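After the structure tokens below, expect a handful of questions from me.
First chain written, first letter: the chains are A, B, C, D and E, and each begins at residue 1.
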């Protein structure tokens, strides 16, 4: 199952998908085509964001990359190897927080450490530091049902970072956060990415966020999900919030927005 | 069954096989029906349950062990009456025929298998051992081995050296292939055991019914004594599910006959003990003996007048034996097809 | 694996059966297990055939089967209803439940005479004894199942002004069903035992009655043939409960197992 | 429990809260003060939005108003009556979708109809129309676990509208939706509010959204949650997306943002 | 309500007890229930006192209690372990589980003689009989409980490369605990019955033995005194299981009931 220590180093592209399809069976009979002929590559060290209308298959795509959902057809490789299960060097943030109710916040954050049989003691300071970073320092010993929605989501983000994975797959990680917290988290994420040279694929429904964070923005069409546009964001790094007011930034946002609108906002 | 009076007999057994001819033959041959009674014979487990059903009004008669009749009267103030005495204490100790135990004295230091530690035979065993100069508490060990395969296996494997069981159980052991020698106290067969009983109030309310039912029992006894095999055939025909299974027809018939013979032996002994004239006769002397024995054994704390146990209908046993014995024997010999 | 999973399971199941029967036969021969303790499967097969051919096993089967079903329906029904009451009125849990547990620990054999006195010698008393046994697993599972609802669902229901009864019917109950069905599964199996115990106490028909007869005559092969029939009855009823469960709790079906690599 | 048919009509203010406090007990012992001395009023027909940092007590406040959470102290009235339970004429959207897994989409939407014993048949066309409006026309017979996160949230929104309640309490209803869908939903909500003269209290973490929708924006401080500012939004109605580019709009957004920032974005 | 809830419950519980005992006594007198069937509570109280004072009930209590506990531990333990195996290896469910159901439907009374032959006449055979009864509810509940995990949790675990065993230990198992504890609750109650049935088959000590003894002496008040002790044992063990459950499954505690108006 697990790739074990299979290093995700070198060898660009890190992820390569070719002609990916996903069809879900449903109880009412009619199957749903979630992904249709999706192809893209993700280079080592790249920060890619994915935008697309609700229900277009973003989460589906991420789960396939995370190795927890079987594709219906097509090819995906991670570091050159066909994906047939999850890898240790990947951190996943799910769209819903999915915390284990019998573990307190700190224990939830340490879950990947426990799973990967790393040293709990050695990683606890890092876990606490990450919790501090996301503003949950005082909540380490609280239980999930004692947290607000946004706090739960932040625990989920911390959990994905705790084992310092090289690849981050994040499904709308900041969706439940207020604007200020969200901006702060964006900056933190960019800092971590820049310092530790990670590769990130992040789904978001905020176009400015997508532009602000990304090297490239992947735009998906309404169901059946296809990639209709890949936009290179050629803005200088490191970025800070002031850039949001720049003309270049605005142009990217407007372009994606326009493209988006041409696809029809609501799926039916 | 319009017009017939309903009568229920609760029998202290789980297994109403052919060994209760005085209860089953009148049903099989329709005698009680002719006399105006629709009789149900119900196996309800054991004597206590039979007594409970009768006391609760769910049965007019109960087939009980004599000890239960005594205890019910003495300990529980329940006026149970011995309508008929159908047997004597037929318990025995069985040992392997070719085993080391030949006499009671050889039992010293041995282990004896019993049905359970709360079983009637133990009191008799204790007095038997005491009479032989042994201390029943220290000289032998009792283990409860239940019924069926465990006692047989226990004796075979020498986990016990003797089995203390009643006659039909012993017959079963022999049917299973054990070659047994039987030991029993000389006095054992002088005590009445199997008792067809009812409540005082039933006798007072409907003496004619009690008499009619008992007459059927007595006549059935006459019948079965004349032809045990006819009882077997009638019983098998009427209650096919009680016939034994698991071997060829002849063997099965033989097994069931062995079983029946054990019961008939006990019935004969009771008959002889109670005067040898009237089937089913119960006597205050006999019940007095068992009462005394039980008091000495510590099973009851006091005694009552043995006459209390008797049915208060004058000449009761003469009345119930008032049937054409010769015709009955002839019928048995002919064995009516069913 | 090239063999489809269903096939594999069937194959394994049959294999297991064959191994089991052969092992049993071998043990009887090699270990010299006396037939009076455990008869050889061949002897049991003969007894089974004889019983089925004569129709004896069949008639008694139906008696016991009816007792099992009726006892199950009444017992499980009562357990469910009482579980629902305890679920609706939590006060009952601390006050009434201990009495139920107390009643439940009474050995049925000890109270059987009372049941026979109240319900007679016929099928009724066996049904009642079966019901008293089938009752408790359903009760215990129902109570806990009704409590297993996530807080958010209760909030949702209440926010839309659901009454206590509506919360129960529309959310708690469906949520409890997986639990209830475990209870039913345990109960159906106990029902088979219950009916037999009821027949042991005193009866004139049924497989339990037949066991007593054959036990008395030391016909162990005959007894084992009945035990096998009882087992088949149990498996059949268990499968029936499971089939109903899959239809009723459809939304829990399978999906879990399809996580890749899990 | 339920207020029954207690009409929410007339009588301004519709909601009045005075000195509201909420303290949660927790398993680790230390209780959490979620709301502190919160007072405000909500006038009949008003559209009020609530913004505040994650974990400041917004959901807590909404649950108290919905009558499903007991306040620790203070007073709240709905249409002049002390709130001691939920009311029929209220529609609630929860932060998490909370769909019943054994009901398909349409059945989930009809839940309030079933609860309030209204005529299911009569309301089904409305339910279908609302589903169409949120872009889920084809999903009426799908089950919740067959939907994407954003689709689930849209089912939750539909459910709150189906019985046409006079008061809507919405907890980040558009949080899981992409920008386009979100804007479309904003417009739809304003249309419904304008046409049916509803009263709405909506929690959001998007400041532009808060301004765009609201008559007044309530700004809350980090935990312990207090109301630090109530901003009247004096922008013309009906509003459309073009307004977002107006100077007045920008000024409101900037003001709230500034205020927000002064409070410290992340709670600790 | 001005009476605190705990008090109210206690009060109601005591009230119920008093009503029950008075009703029983009244029924005995008014309905003329014969004492040989159901003795009056006063007579039972006398028998209870005598039994306790002489120490007879106490010594036999400990024998039975030990059998119940040991049988429960072994039976529930085996049920849990097997449930876990079935949970880990779904293949076992279709292949082995039917055999377990089959075994479970065998009336213990019918196979008790075999158990006695194999395990002797001492405490061992009673423990084994108890264990075979305690086993199944735990097994059935464990299996279903292990399946009750939400798909997202499995996805979470697997995404972080949890092995099958880790998914089991860190997610499935905690998720299954509420189910397992219902199984344990049912099992502990059945264990009491199991030990008594075992003692009925043949024993030299224990409350079941004493029931036989007193049955033989037609001492129904004495029998009922034992039944009451058995009930108390059942209630006590049930409460113990519940107390453990509350500590172990702490995250499910209470919170649900605090939704206003629910």
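In the analysis below, contacts are C-beta pairs under 8 Å (C-beta built on N, C-alpha and C of every residue); 3 or more make two chains touch, one makes a residue touch a chain.
Bear in mind that the values here come from a model prediction, so they are computed numbers and not experimental data.
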item: Reaching subunit D from subunit B through chains that touch each other, fewest steps; value: 2
item: Pair of chains with maximal C-beta contact number; value: C-E
item: Euclidean distance of C-alpha centroids - subunit A vs subunit D, Å; value: 28
item: For subunit A paired with subunit B, centre-to-centre distance based on mean C-alpha positions, whole Å; value: 86
item: Subunit A and subunit E: spacing of chain centres that average the CA atoms, whole Å; value: 49
item: Residue list for subunit C, restricted to those that touch at least two other chains; value: 37, 113, 117, 151, 155, 157-158, 164, 200, 215, 250-251, 255, 259-262
item: Shared-contact residues (touching 2 or more other chains) in subunit B; value: 48, 52, 56, 147-149, 153
item: Subunit D: positions in contact with at least two other chains; value: 1-2, 27, 67-69, 85-86, 96, 143, 145
item: Subunit D residues within the subunit A interface of the complex; value: 24, 26-28, 32, 51-55, 58-60, 95-96, 104, 132, 134-138, 141-143, 146-151, 154, 172, 175-184, 205-207, 257, 260-261, 265-268
item: Footprint of subunit C on subunit D - complex, ascending; value: 1-3, 63, 66-69, 85-88, 90, 92, 94, 96, 98, 100-102, 111-112, 114-116, 143, 145, 163
item: Subunit E to subunit A touching residues, read off their complex; value: 152-153, 155-164, 166, 170-171, 174, 250-251, 255
item: Contact footprint of subunit C on subunit B as seen in their complex; value: 14-17, 40, 42-45, 48-49, 52-53, 56, 58, 147-149, 152-153, 156, 172, 175-176, 240-242, 244-247, 252, 255
item: Interface residues, subunit C side, partner subunit E - complex; value: 5, 8-9, 12-13, 16, 20, 37-38, 90-91, 94-96, 98-99, 101-111, 113-114, 117, 136-137, 140-141, 144, 147-151, 154-155, 157-158, 164, 167, 178-179, 181-183, 185-186, 189, 192-193, 196-197, 200, 208, 211, 215, 223, 227, 230-235, 238-239, 252, 255-257, 259-262
